[in-house]
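Paired with chain B in one complex and with chain C in the other, chain A is shared by the two complexes that follow.
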Partner chain A sequence: MKMMKKTLLAASVAAVASSAALANVSDDKVKIGVLADMGGTYADICGQGCVTATQMAVEDFGGTVLGKPIEVISADDQLKPDVGSAIVRKWIENEQVDAVGGMVSSAVTGAATKVTTDAKKIALISTSASNAFTTKACSPYNVHWTYNVVALANGTVKPMVEAGKKKWFFITADYAFGHALEGVATKVINENGGEVVGAARAPLGTTDFSSYILQAQSSGADVVALANAGNDTVNSLKAASEFGLTQMMDVAGLLVFTPNAQAMDPNVAGGMRTTTGFYWDLDDQTREWSKRFMERHGSIPAMGHAGAYSMTMHYLKAVEAAGTDDSDAVIKKMKEMKPDDFFSRNATLRADGRMVHDMYYVEIKKPDERRDDNDIFKVVSTIPGDQAYAPMLPECNFK
Partner chain B sequence: MKINKVYVVLLLLALVAPFFLYPVFLAKLLCFALFACAFNLMLGYVGLLSFGHAAFLGTGGYITGWLMMNSGMTPELAILLGTVSAGALGAIYGKLSVKREGIYFAMVTLALSQLVFFIYLQAPFTGGEDGMQGVPRGNLFGMIDLSDNINMYYFVLAVFLFGFWLIHRTIHSPFGQVLKAIRENEPRAVSLGYNVNDYKWVAFTISAALAGLAGSTKTLVFQLASLTDVHWHMSGEVVLMTLVGGVGTILGPVVGAGVIVTMQNYLSGGELGNYLHIIMGFIFVVCVLAFRSGIVGEFQKVWKRNFG
Partner chain C sequence: MATFLGINLFGLFGQLLVGLINGSFYALLSLGLAIIFGLLKIINFAQGAMYMLGAFAAYLALQYMGINYWASLVLVPLAVGLVGVLMERFLIRPIANEDHLYSLLLTFGFALMLQGVFTHMYGSSGLSYSIPEALRGGTKLPFMYLPDYRAWIICASVVVCGLTWWMIEKTKLGAYLRAGTENPQLMQAFGINVPLIVTLTFGFGVGLAGLAGVLAAPIYSVSPDMGSNLLIVVFAIVVIGGMGSIGGAILTGLGMGVIEGLTKYFYPEASNTVIFLVMVIVLLLKPAGLFGKEA
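Up next, the complex of A and B:
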């Protein structure tokens, strides 16, 4: 019923807006393309789920904006930058897409945002980790919503260093994302008086982590940080537990998505701390949305899913407020308006396109703490956005 | 005579196509068609299955991309140097691999191309997993603006026609006759006094250079060079294209590339996106089991039976 009301309200607002203002919508529709990984390593993190979340936002908004229909299309980037950029190019040049959403792998996003920037279209980045999109590769049309490597490092690493865990060892995914995460975390460690005693680089998709774990074991570190994601995190943690590393030192997962946390053995992963941009079981608001998402998608939402919903909603609101789908006008409105929903808490969208919001320092629950399979995290503390994210770079201030 | 008519019709189609279809898609298709033609020179005319051609595609792409971004060269020069680099790499790899045959040759080329893959994965100039992004297309000869998709397409078409002509010329030269002789019966070619390893080596180098040309051009089209181009999946994909189209026929790889690229293009966006690899695998199996000489090969057989 509540949902119904919302829809009606949104629809009537849209109807009024469209009849009142001279709506200026290109091609008589607002079209959002969702670029995601449908069948690869990150499919659980932002695959079909991101498409579903985006569609939910469109439906909750009423299906139309400024009297014109909103259309959502999607494609599989296969985690390849060339495939992703080709799809986005085709969408923009040939299929009248107004904004590109979804986006997982930072490599694909890097390539895709080059295309969107050249074409002056808005890129709504949900699940990519790299902080490059609002720093060295910043663009007036980039909007980076859910989290980034800086927030993860600040969230997870800082409290541990402050608590006296000074010596760190990294097990890093040996490609751009892992290096970036390790670099950012190293900076946080050094700034807070800790030191990095070593690092082992494991290729993406390693299944046997034993040699890396042995290096970590002999390093004499207080903490072993896993600067990897997805199955690599799951496998490295498993190896760490088999070698008894988890008893000797702390293990910090720098990027643990809910589906990965769910896949890990609670006996092993229980007690491990990490940082997330969203957790479904936070309060009534998050539970209400997450229940609806679960009904549609079948599993609990990861932070990227919630982010995809939230950013789509904000984009649509900005289109309505701007009275047009012209990218420059919409991005200006997006940055003026404060994002505020179940996902975006104490949030602002900065001029550089970074959405700064509260992050959560969480601990993976031990088996005896769990109610059911979906009961994964316990929130240790809330990290205010300005402490989690790095300040804006002057050259990325697109006012 | 009959074949020439086919060529004229195809050329006319290629000239008008960008006004009906998306030019970037067509340009991609032509790049892969050239790549498959280069590969077919080895598999179809020398009878050697190289499982490492991605190394040359990627090398051409990365070198051209790097030059475009850092040297301020015009595109034609960058492409030329990319092609030469791929050719040089091909000359080295060819020297090492042509001494072996069959499965051993395939394994040696695969191993060598994996070496290149890991170098590109780690080398800072390639950008690793991110790939080399935002390569400018530049102005052809300093005059024609390639950022216009139609201009780009006609440039790619010209490059493709050059590559295709070169392969056609090679196959129909005395040199090409020797290659076919080696394919049919290597001991006999040896007994006739030909130094077969040198012939194979030259063919391998030409094939590598043309694969590099395809990679260089592709980088300009997409303004991106990535690890996908050097990954062994790419070496496999070109085998698939050539087999589907018809191995050992000059137009086969073009048709095969057309089929595979079109499929990837349309399936990745639709409902069947998740099943892309399954569908491609299925087609491969059907192709190998049911029509071994590929689309063009089967077509030629039917033509010969009825009209020849």
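Up next, the complex of A and C:
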């Protein structure tokens, strides 16, 4: 009888243990923290929009995973690396956050992913541009979704060099992202027989670009490449047109998000080509999702918004497939499963955390080509993922 | 190309001219600040937000009321000035007798709120405002292409700054103004409505920021943070020029634009710090500022 009791006890303990293993969700909740720029220069690119997109993914997933609720929290990184990393540390240590999403400024993401990696939490990077997160700062827990500087350079620079535009001048945002973009683009130019004749580094948030435009004008370049983003791109293009540079040389906007393209004078920006990871008006699938996003957010989605939705969905599917929110198990599943939705076309999530998918070489529409304010890009060509992104580095192969 | 000691002279002249254009903006903005501080002893941290408000007002006026650029040049500074008048009357006057720090904090908070409201309503990416038809061309100078609009900015700024300086320093109205803020009780006794003068002066200083905003709208992205980017630089300029010196603010504004332009040519990375470097040096050698009257 005593023996029987013991066996029963052991069996029930085992049963409890195994049921816990079946749905092993830490603290009975899957919690995603969205780190974004709520009020700064990148707020339209990945601010509240990234939070909304993440929430949409959670709702479309059903609000629960493995029978446990999914919660989304968010915070403003103020574009400051120290603020961003402090928030992420607090989220992980005190608020049981399982994965960190959003992420815009590469400088902030660099600091935040150090914290997530140390804590073995998954970093879902939607809008940052630097390729460091899957190369020199790669980590088994980094997932970089929408695009990166390599894809931008391959997408925009390569076709122009091949078309005979050999001499390049850079106007570069003077911080991590700009340097990375200029470096990668320079490599593409040199490899394809072009040369860089000069560069001007402008501090982030420069209002007046005229002196950089003058330098570009006297450089004798064929193309002036804008290795910057947000308002910097808008302001530098404005100055380029005003000082007559656009009549002398081509201007290539290496990173133009849709809200910034909307802020540009179509007479000036029309005809300029750039590369993007997503455009809302590609086909019925993208239009359907974008319409829903627009209803909630009030403007068309930028590529990072769509990326934030897509990567959150993929993460949640992986949590379900893994039967746990344990980072190691989930990241393994994420890399096994094939991302496939309105955003991820011909996509794979590589072992280094780079999501490789089709990119789009687009042209900004001229005024007479536009139906309305939201009609900004036309697709020139689709760039297959393996041509857009660099091959995986052996030291970043986290199988 | 002409060179001297290995320096491309054409490039250098270009940068000097561009620096002068930027200096015109600095001069307009620092003039407004200098008037408000020099005469009223109010540190107005909302000046950058008022500049932003001016640019937005020009955009909205064109978009929703069909008011063109030229009309905006007159109407917007008046409207922004009116905001300044209301702000002085209802926000600043109640704390006029407190320490300067109070008005600084109040205006700073007001600026943040205004910026937040515009970010919420119009987003952070900025709006586009076209250069008026008449100023779209440019002139080919031997060393650079000078857009007509930039030439117009220099002229407009010099005229407005000159007139303001003349009005405050040389006219009877200006004399009342200076006396009224120097010794309010005495002027009150002479039958001069000092509070009204204070309110109007504040409104005028703020209106100048609004004017700078309209001038900036066609060439810079009209965005909520356009003012906060500029404000700190403009404060540094006022400090260099000497707090409260009207002429000092104008000359320093133009001069700093040129120095910044030169830095952009020789060492662009330092271009957003050079003004602060000058500020430190000036404060060490001449704490009252280059044209300041008191220490």
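Criterion: the second predicted complex is superposed on the first by the 378 of 399 C-alpha atoms of A that agree within 3 Å, B and C clash if a C-alpha of one lies under 4 Å from a C-alpha of the other, contacts with A are read in each partner's own complex, and residues count from 1 in each chain.
To be clear about the criterion, contacts are C-beta pairs under 8 Å (C-beta built on N, C-alpha and C of every residue); 3 or more make two chains touch, one makes a residue touch a chain.
Just so it is clear, the structure is predicted and the values come from calculations on it, not from any experiment.
Of the two partner chains placed around the shared chain by superposition, chain B is the only one that A:Q78 touches, whereas chain C remains out of contact. Within the superposed three-chain model, A:G40 lies in touch with chain C and out of touch with chain B [touch as defined at top]. Shared-chain residue A:G244: touches chain C; no touch with chain B. Of the two partner chains placed around the shared chain by superposition, chain C is the only one that A:Y212 touches, whereas chain B remains out of contact.
Residue contacts after overlaying the shared chain place A:G110 against chain B, while chain C stays out of touching range. Once the two complexes are laid over each other on the shared chain, residue contacts for A:E336 go to neither chain B nor chain C.
For chain A, the partner with contacts to more residues, out of chain B and chain C, is C. Residues 39 of chain A lie in contact with chain B in one complex and with chain C in the other.
Taken together, the chain C residues at the contact with chain A in this complex read 1, 8, 10-11, 14-15, 18-19, 21-22, 115-116, 119, 123-128, 130-131, 138, 144-145, 147, 149-150, 219-221, 223, 225-226, 229-230, 261, 264-265, 268-269, 271-272.
Of all the residues in chain B, the ones that touch chain A in their complex are 22, 24-25, 28, 121, 127-131, 133-134, 149, 222-224, 226, 228-229, 268-269, 273-274, 276-277.
Remark: chain A residues 39-45, 47, 174, 200-203, 205-208, 210-212, 214-215, 217-218, 230-231, 234-235, 238-239, 242-244, 257, 259-260, 262-265, 267, 299 touch chain C in the complex. By the touch criterion given at the top, residues 38-39, 73-76, 78, 80-83, 85-87, 89-90, 93-94, 106-107, 110-111, 114, 175-177, 179, 204 of chain A touch chain B in their complex.
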